[in-house]
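I am attaching a structure below and will ask some questions about it afterwards.
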């Protein structure tokens, strides 16, 4: 059974494992105060092209999201997200568990624009309602779409004008930035949002997310929040070492590029067979709509998530590729799909 | 300027004030452990026809809702409510501030049925999502509709089958039970829901809500939660005395009946003039759709909330009547409305 | 059975009840946005001698404490209090329920000084521990002592130097300010602390506390927090009306003065009989140490709390007087105590 | 500079790293639902000798503590701990951040007995105070002491009689169980406590703690809480693989035994030189009291924490050994200490 369930089905890229192996018996200071974390932060700042950001390493995405959001907000302030946002759907109410309401807006493609945010602002008029304060976006989104530079500029200007914090969940930021439709750089993002994270778990690390805080007012005492929320890894250098490998040269982007390419092979083949897609996705998650009979055959050898029932006979499924996907496995899937298309 | 803004624009029914006056210098035990609270609880149990419920007196509705919900739920459990539910819209995220996600379902009339609840259950499939556990309904609802006995039976059976707690916000329970369309009794409600409150603030008391916990497993240590959440009034007997007056005889229902009658006069007159309504409401809140020109004239002498823009020329407004509404004031409003209809 | 249990055993001062009676059928805006609340705030500002403070009316003390503290602090920040502090002992963990640790320091007399606060600061050295940020004091304290002006100046200077918020719980502020040992004014307090409240519940009101926020940075959006935490009374004018009566002239101070005088009569008599006290108290709570045999006799006709076992034969008890204590009742208690002293 | 700061200054035992290396490109299900986690749980159950416990793998100790405690308690319930307890001192208020008060009792040796717990129970008498419900103990404790079987039996019986949950923080459980003074087994512990965790981070793993829930009522829906609190590692098998290595044979105990032996060499040498200890410690943390002059010399080549000032000339320091401590390094430290003793 080959898995297209997600982009975290394997361990780490070998170069990362080697680095962990190599440094294993070095003594290091705990809790991220070691030279590897310092160096990894420095490498990330170099890629961003700015020294005046704070970089923190946390273990996972849900942890990073609720730690940041609860550190940034006062008790009466709320988050605005697309209905599909990970914090709304798949984090077991982690943000609410820190006390903050999550306000949702329907979107066609998983992306927020000033229009939806304005709608949330208009609706919340006084102290009988929460005060919308932080805009949560994901790039790439939970359904594979990405933000263009022009869109992010619009969002950023809108948020600044309205005194809103703009936060980007970058669990799949690698895939977004390595997309052939992308026109954003890390530097652009750091300029346009107030905080974001660079996801490691879904792009070749064993685990680890690098949170970048750009806005001065959000930086103070952040390490207290990491500790209080359980994210201050004792052997913090494990995260530093991994991000050193990912950002010393271009490994982070190369891995994401590979994942996207594998998804593109899948997309093209599926499209060539005449199948439509639920949503346009230029990243490493694709959502083709297939006949149920074909899906049943594929499920004999492949695991993937059914995503949405389209009609009695068709279902959108999710296929995710990763840095570890082998092209031969992808080709084999395509061949089988072709085969089922001809015989069914 | 006469106000139709809400049903808590005046103080208390004179009989209640008299009782407070009469007992003012009696020494009493604090925090609701006095004879008035005991007696009021006893009167309520009599009206319900059951001894095996717990009755607690709290100061206000938001306080009662989040105190009960946070006492009843574990950290990962969530609430299901209609989108229009007071806890979702007008409590400044009070439930989320205690850590629980509020899941919303769209409804036409502010009422939940098994269909919407099943939809929420179906969507939440595993531990990556919150676990829906408590169903929050309001009776009468935030838009004036009421639950029929058959509807509440269906809800109750559904919740019991699915191991869900059924909680009724009774901020306007008086108005619901005194409605000429109502077929529920306090006794029915206590049998069908797991906890509910009988609203005093909006039906003639200075303040105060009587929370009735019917389900045995929800009763334990509830007073700790009232205290922790700030609802344990030092001079708790103030609440007991008020509910003694409301429930010694039938004052509670008489006041609600009066409020409904006043609303019925308004409704009939407005309908007779050919105006439609946003929603069918047999209680003390009505939502007529009027021409904007007429609304502007009315606003010169009356205060009320615009509720929803219908088209360029029409708006639904909310008119609320109360135990304290004088029929002469109501008649005067009707006369003016008639007048504007003829001249505009 | 006559009660010395607390200073909230009776209703309201008759002048307050009269005002409620008089205004009962006036229509008013809800949630404290009415003319009575505005006027009461204005009267309090006049007494303070400053316009640049915000005044909010809440229902009770626990509610006021946790609402203010959770509004003022970020998630990692903690409160420093004397071990005897009400928030530490008698609020069912209300502050912790909003997420903040309460750090305690032992004191002889219930009062904090820079020494204890410095000790807490010294202990908390990095992000593995909470960050002490708000100093909670009570005046009068939970054991009847009061802060002198020189002490409050020291505290204030220390807190400002160390970037700490100084918050005063004034549940019994009347009794403190009316003490014959007091040298503080409301104006001094507003200058020296960042926020404090003027307790009504324990000084003649049915209920109600007036929170005064002096520090500019703590004012923003405070009403959202009152609403979220359940403290925004629908008929908010009930609080405004009561504080209008208390602060139009000097009723607030006269009531507190009376309570203190009644306690002074008790103290003098008890001392004259040779009984020691647990702590020096110049306010309306006293803690005499009596022989257990005498206590048992007194308990036949009086209710009061045993406070602390001193030795096998003696116990400190708490006697509380109030605005409603009649001098004849006090004299009768003294007579009985004298009697028991002679016969036992 | 050689570090005695802690037992998590190095990576993982080589056998663990090898296992991670070996399995790196296997595809596995996420979030701990893989065969390695199942197998590791099974191995742990075997060591315990019971099938009817639940085993969950989390990333770190603070995370495990607050996730378990907040899952087990209702909002008004509190934790009792020794003042020295990790949750009280070094977790940045993580437990309070989930809403629960942490009640502390002073102890001589970091261990709780029924006496201290009874004292906490006696003090908390009604709903104005939190309800003590969970007893938190650490084994070994934060100051190196361990619980004997007779002590744990007493605690267990007391807790069951008083309906209290007994929870053991086992961040250093290996060191406790491998102590030459220990008479407890994993099986004893599972029988006597309601939940405990087996610490991996401080005993040879890269990271990871195995939480064992023994009491039936505490098991339900626990994975929801892990996810909500940020502890559900995407690549959960990383934890499973490490615990497979630690518990397939006896590696876990061998590593702890080594750490203890290294500490014993230090202790004996220090004692032989006539230095006293702050506390008796038969585990891998020791707290010798040394002359400040000697400490200053040691600090030139070794890092360790000063723990407590004893007098003007002496300070207790903390020395921690680990599975990775080399005997040659230990001997060298001893030699230097001897040397400084002779020349100073």
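Letters are used for the chains, namely A, B, C and D, taken in the order the chains are written, and counting of residues starts over at 1 for each.
The working rule: contacts are C-beta pairs under 8 Å (C-beta built on N, C-alpha and C of every residue); 3 or more make two chains touch, one makes a residue touch a chain.
If you're wondering where the values come from, they're calculated on a predicted model, not measured in any experiment.
Comparing the CA-atom centres of all chains against that of chain A, the greatest distance is found for C. Here B-C and C-D were compared by C-beta pairs in contact; the pair with more is B-C. Work out the mean CA point of chain A and of chain C, and you get 51 Å between them. Each chain gets one centre point, the mean of its Cα atoms, and the points for chain C and chain D are 42 Å apart. Mean C-alpha positions place chain B and chain C at a centre distance of 34 Å. Contact with two or more other chains is made by residues 75-76, 91-93, 97-99, 127-128, 130, 224, 227-228, 232 of chain A. On the side of chain B, the complex with chain A involves touching residues 75-76, 78, 89-93, 96-102, 127-130.
Chain D makes touch with chain B in their complex at residues 31, 70-71, 74-76, 98-99, 127-128, 130-131, 221, 223-228, 232.
Put simply, chain D touches chain A in their complex at residues 2-3, 5-6, 8-12, 14, 17, 20-21, 23-30, 59-63, 66-67, 91-94, 97-98, 201-202, 206-207, 224, 227-235, 238, 324.
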